[in-house]
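Alright, structures below, take your time with them.
In the two complexes that follow, subunit A is the common piece, with subunit B as its partner first and subunit C second.
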Partner chain A sequence: MSSSHCEPGTSTQITLAGKRRFALIGNPNSGKSTLFNALSGLSVKTGNYPGVTVAKHLGQTRVGDSTVILEDLPGTYSLDAISPDEQVVVDVLSGVDEAPDGIIIVLDSTTLQRSLGFLARVLRHNIPAILVLTFTDDLQRRGGHIDASALSRALGIRVIPATSGERQGVNKIKATLAEFGSWESPVIAPPADAAQLTAWTESVLSTASYQPPEPDRRTAKIDAVLLHPVWGTLVFFIVMFAFFQTIFAVAAPMQEQIEVFFAWLGAKADAAITIGWLGAFVSEALLGGVGGVLVFLPQIALLFVMIAILEGSGYMARAAFLMDRVMAKAGLEGRAFVSLLSSVACAIPGIMATRSLPSAKDRLATMMAAPLITCSARLPVYVLLIGLLVDPDERFGPFNVRGLILFGMYLLGAVSAMLVAAIATRLSRRSGALLPFYMEIPPYQVPKLQAVVSAVWASAGAFVRKVTSIIMVTTIVLWLLLNFPQRSLAEMDAAGVDTSSETAMSAYVLDNSYAASVGKAVEPVFAPLGFDWRINIGIVSSLAAREVFVATLGQVAAAENPDEPLTALQDMKVLNGPDKGDPLFSPSVIAALLMFFAFALQCMSTVGVLRRETGSWRWPAIAFGYMFVVAWTMAFLAASLVRLVT
Partner chain B sequence: MNHAKASLSHVISVLSHTQTQGRFFSRTGRRVDSRDTLDRVETGRTSIVQEIDPQLDPTIHQRLLDLGFTPGTPIQVLRAAPLGDPRIYRLAGYEVALRAQQARHIVVREDS
Partner chain C sequence: MSATVTSIAIHPERVASNSSIIRWVIPAGTLPVGLPIGFPSPLAQFFTDRVLTAGLVEDSAVWLWIHPDESWSTQGPAVREALVEALAAPDHWVIEPCDDAVLRHVAQDVLAGPVGDVIRSHGGDAALSSVNGNVVEVEFSGACSHCPAISFTLHNRLEKEIRARHPHLERVVSA
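This part shows the complex of A and B:
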């Protein structure tokens, strides 16, 4: 498994040797991962839509006095795999992949009429199995009924009801796993023939006195609004709009609190540290740079709260349904939209989610488009740049202008991703999907508080880890590059620097640093956009992670005015050329930067995942190249346009 | 899309209709009315699966069976997406969205 910063993964070390292995197999969205988490104590991603899990996850649990390995698998409706995630399951069952000792079949008790056929086909593989029935709470609420022990007798395997990984059911499963040696198996294998299978299903269900549930009334009522052609669209946009307003209205004050904390820390550090260069290092690199990124934690957390609600409620599947027609225009299907929507958190899970797409062509097109969706790493960059551009209280009618621009940036990302997908499907010569689109629409659920909290906690944790690892390292390296080589007084005298002024001296060091030479080396590329070497160095270093751009600016600002970093940035001046003395962050430069970050693939983790998922360097190279060209062009156009109107 | 062709001109409409019907003279020679495919059932109505187009690709055929579209299953059309396609169907205790392109291969009869 990749352990990218964006995916809260399962990184526990597991020794497999000599332990029993049990695989969780079942239809999508039947609660396998929920059960896996409850059994193993891990927290792999769950969500109320089919196709959340796309790869195998390993965990372990103690049963009786031994430890067993658990495998959480993607869900599938069929053992005739048509997409890579389904193939994982088929490989496990057929032993291509190391076969498990036993399988835990997980079926949603509200959809048994459909899933018994699947169960029959799994049982025909003759691997020892037990059946876990989930969603028994839903079954009961909607007036359905099942007799688990009668079902067990009819099937010839053990049946355990276990709702949402509740302790009672989980303990029962653990006890059953401990008795692996004595699991019963069906006396006669279920039939293979389709017609006989239907009869078999009917007889099993009637033996188990199965009463299917009534349609969920709550879901019907909500869908009458949310899937309504007019109201549904309206609600969607209002909710999105409200969200971006919230990012500034709610998260900004929290951000200020964190800033106050860092300022306090800075003052303490200043007082405590007497070694000159160390003090500068702490206040510039650590507090200004790293701290400058960390202050965006509230915004990141808020974004993930919203994503967790979208995923936990059941709206994702509906979004796919609503967008299928639009996606079809781009040559794709609704499922690809789920992948794009996941990219709002990070392009990496979005790219991984393409594994549930049956068509290789769709997968590739979606992968080329996903990095354009506004990911959480762009959020701090946008918030900072928009903050430089617009006053906090500026309004357009009832709307906060900052929120409005941010909304626009998200819209831009989405629209351009769709365009790229459309172009990619047209260019691709691979054949289309065998089965273009089907999507189970699960009943709505109130997102489980625990799931939301753990999702937000995990992503906040991942953000902090990213800030304290890759961003910190890049920032420190950058600080060194910005402050070295140190110049002697004689050297500065010779260069005509006013050696009585501290500011002039540090400006000289900065302007002649290693970083400056890098920034100046790429100047020909970025000069038409109005960027000077200080911005260039931010862009180059943001290849490590987009947020490093914020850290770089924070560092430069902290060197000038540690108390008011935003003001320091606003006060930065152009150093050379015809515009010398004008503000560096003019509206045209900010517009160019916004465009550049909207389109450029400034993320090496994404490049790595593209390599892994496509199996060659060709596609990541193409993605990086086309996105850079588009980024530069759009930045140039935006800068020119803004210069025209201002 | 048959609908699109039909709106072009009467001639094309007749032609394409004949074609559609031709496709449903199944190998046994039994005539299955092309109106009775799932994509043509009105929203809100329930019909019963009769068979899946036997000429359909075997993988898709199997997938539709695995999704619960087995002969004898009642299917209710719940709602259409804003642009008419796909639609959500309720069957076997759950709801699934399907494009007309696939629903067209599911032959149904009226719920009696």
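This part shows the complex of A and C:
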């Protein structure tokens, strides 16, 4: 669940012609995708299956003298074709598109009793196959046992045991792929009848001396507390709370370093560039705007470190389990929680994760709710606004007030997403029973450093790419809009501007720019919230990506006071109206902005994904519309409330 | 899912030396060991129709020979169903005890299987030379001839493996 999902996959070209194709198939969490990545290295290409919106992952690897194509099919527990993911797997197996030459079945060796039936159904398609058994180290550690060669004889196909993150297993698989021509196939296909299948599974496992792993004793002890209805829930909130405190406490010093660096760079640029407009462009648009967003890199990276640790340690699955009961109140099942949880990184992977939901109504309800979860793009906006509102050292008891408010914002996002899901499921009048909810509860373990590092690397990379592409482009366009049309000295003289003051001149240009016209055009909408055109232009531009709001304010501030943009923001005054001369970023305006960003669907990528996943513009239009109305209303209420108490 | 009736746990395995045989692994002790000459219906019908030609029962498997004109991939599912039914009525089988014949097949199968693979991977070879009164005589050749580990292989691997499948085995000796 990295925000790299937000961008279409890019990488090397993969040609299919004349190459042998192998499909990886298995249950979710069976280590299938890890294996796929280990096999195909960096040559992964992401696309879509025709007609449906299930992601298609292709890779390639060299085996022997030739290159083979690998396809990572979506992880599924069954072949019943009730969800789009399962449909894709069934289609591939039955050769609707073009059946692969061979199949690599990946099963978690610790849960074989359950997954062997799945294997049987795959084998019935009569496509040459091999079985890769994952987590055999885990099986052994927990007192389980399997005789892989006996299993191979019983199944009639080759079996390769593998442990997570071990080179040897990968090499063995490659060697087996090279021997494709001589793969054995089952002498008789496994039975289809349920009772006979159960008997077959039992017979095969007993021949392979299969001993299922004992429940991890350490895990059982920890779970007695962490899955406890009372203590577990309490711990859950403490963990979540610590999560957000850490993001502030640890990231702040790193952030300062980046700010210092950009200030230094700005000074250098100013001194070096003698062409007036170019200097302004570099220091305002590039360093003030883009740099202003890049400052949040430590916080984004830290967010993903924490998520990777929660996932790697096994706590994330418990959190989903604890939340299953809460989800049921909203009419959803536990699987929807995984989607909502992914949305903490970015709503896009969250929306894509709804593909595992078998019910179309559940999918829609979850999709309508997911964009409300506080995503990593909201983080810079919140951090900036909270930073304007509260002093860094302010404390409430032992807690940092900034962290407290941020935690509150996350809580607000989660609660409102649940409410929306509940309303959406009620409106669509659910019919039919809840489908079975499977979820792996893995044993606890120390998170693997490599997994944490690569998760952070990928998400930090995606953030930097986003900053240097869409955010940079929007920022440049904005700079042009903010600085044009240029005014001549004569014009300014005529307008009564003090032409001896640099600041007064740039303020005049700003006030009469194209951007100002746009901002002023939407003023009637936002005036009740206390926003002036400078905030409005930030809101309009943040449609491209929420972080652009920060970049825009950074530019506006840099134009007024290039040396201290943050102070400039704090010192910004209301330009006209009854409150003229008061600080623009008053507590009520900040509260309104926080509410607005919490609820509004200010993200065109999300709108695009909603369009793709639902197949029409209807649902993205509904989502954008309802979220805007809620955002405006909540912002208005918040502003009024704050005005009342202050 | 259909109503789950507990079915006798079986699965088919190849016999390395002969593609017309399937070794159906069954729960140990379901049937007495020996050569079956009478089968309960509907399994009997397959013999009447000459689809199946012979059978053999070891401690935890039933061997069935298919007619050379038939194929396991097409007849297999029907035979499986008939066999499951037949296994539910062990009293209706007529089985002649014939330890030596069963032991010969088991020993041959083991020698062609993983234990044999280990021997062959070390440059040796082992062939069954005789079976007499639950004593198996194996002839080693190639690298095995002067191998100091031969006694270990004989007792700890070969003998153990054969005994697991044929508890009446007395010992394995080198010819």
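The working rule: the second predicted complex is superposed on the first by the 605 of 646 C-alpha atoms of A that agree within 3 Å, B and C clash if a C-alpha of one lies under 4 Å from a C-alpha of the other, contacts with A are read in each partner's own complex, and residues count from 1 in each chain.
We take it that a residue touches a chain if its C-beta (ideal position, glycine included) is under 8 Å from a C-beta of that chain, and two chains touch if they have at least 3 such contacts.
Owing to the predicted nature of the structure, the values given are computational and were not obtained by experimental measurement.
Engineer: If you stack the two complexes on chain A, which partner ends up touching A:188: first (subunit B), second (subunit C), both, or neither?
Structural biologist: Once the two structures are laid over each other on A, A:188 reaches subunit C alone.
Engineer: Taking the superposition as given, does A:265 touch the first partner, subunit B, the second, subunit C, both, or neither?
Structural biologist: In the superposition, A:265 touches no partner, neither subunit B nor subunit C.
Engineer: Answer with first, second, both or neither: which of subunit B and subunit C does A:156 touch in the superposed model?
Structural biologist: Only subunit C is touched by A:156; subunit B is not.
Engineer: Does the superposition put A:77 against subunit B (first), subunit C (second), both, or neither?
Structural biologist: The first partner, subunit B, only.
Engineer: Is A:321 touching the first partner subunit B, the second partner subunit C, both, or neither of them?
Structural biologist: In the superposition, A:321 touches subunit B alone.
Engineer: In the superposed arrangement, does A:198 touch subunit B (first), subunit C (second), both or neither?
Structural biologist: In the superposition, A:198 touches subunit B and subunit C alike.
Engineer: Answer with first, second, both or neither: which of subunit B and subunit C does A:206 touch in the superposed model?
Structural biologist: Second partner only.
Engineer: Among the partners subunit B and subunit C, which is in contact with a greater number of residues of subunit A?
Structural biologist: B
Engineer: Does the superposition put A:111 against subunit B (first), subunit C (second), both, or neither?
Structural biologist: Touch partner of A:111: subunit B, not subunit C.
Engineer: Please write out, lowest number first, the residues of subunit A touched by both subunit B and subunit C across the two complexes.
Structural biologist: 194-195, 198
Engineer: Any idea which subunit A residues touch subunit C in the complex?
Structural biologist: Of all residues in subunit A, those touching subunit C are 149, 153-154, 156, 184, 186-191, 193-196, 198-200, 202-204, 206-207.
Engineer: Subunit A touches which residues of subunit B in the complex?
Structural biologist: 57, 59-60, 62-63, 65-68, 70-73, 79, 81-86, 88, 90-99, 101-102
Engineer: Contact residues on subunit C for subunit A in the complex?
Structural biologist: Answer in residue numbers: 1-14, 22, 25-27, 72-73, 76-77, 80-81, 84, 113-114.
Engineer: What part of subunit A is in contact with subunit B in the complex they form?
Structural biologist: 77-78, 80, 82, 110-114, 117-118, 144, 194-195, 197-198, 212-213, 215, 223, 227, 229, 232-233, 317, 320-322, 324-325, 334, 434-442
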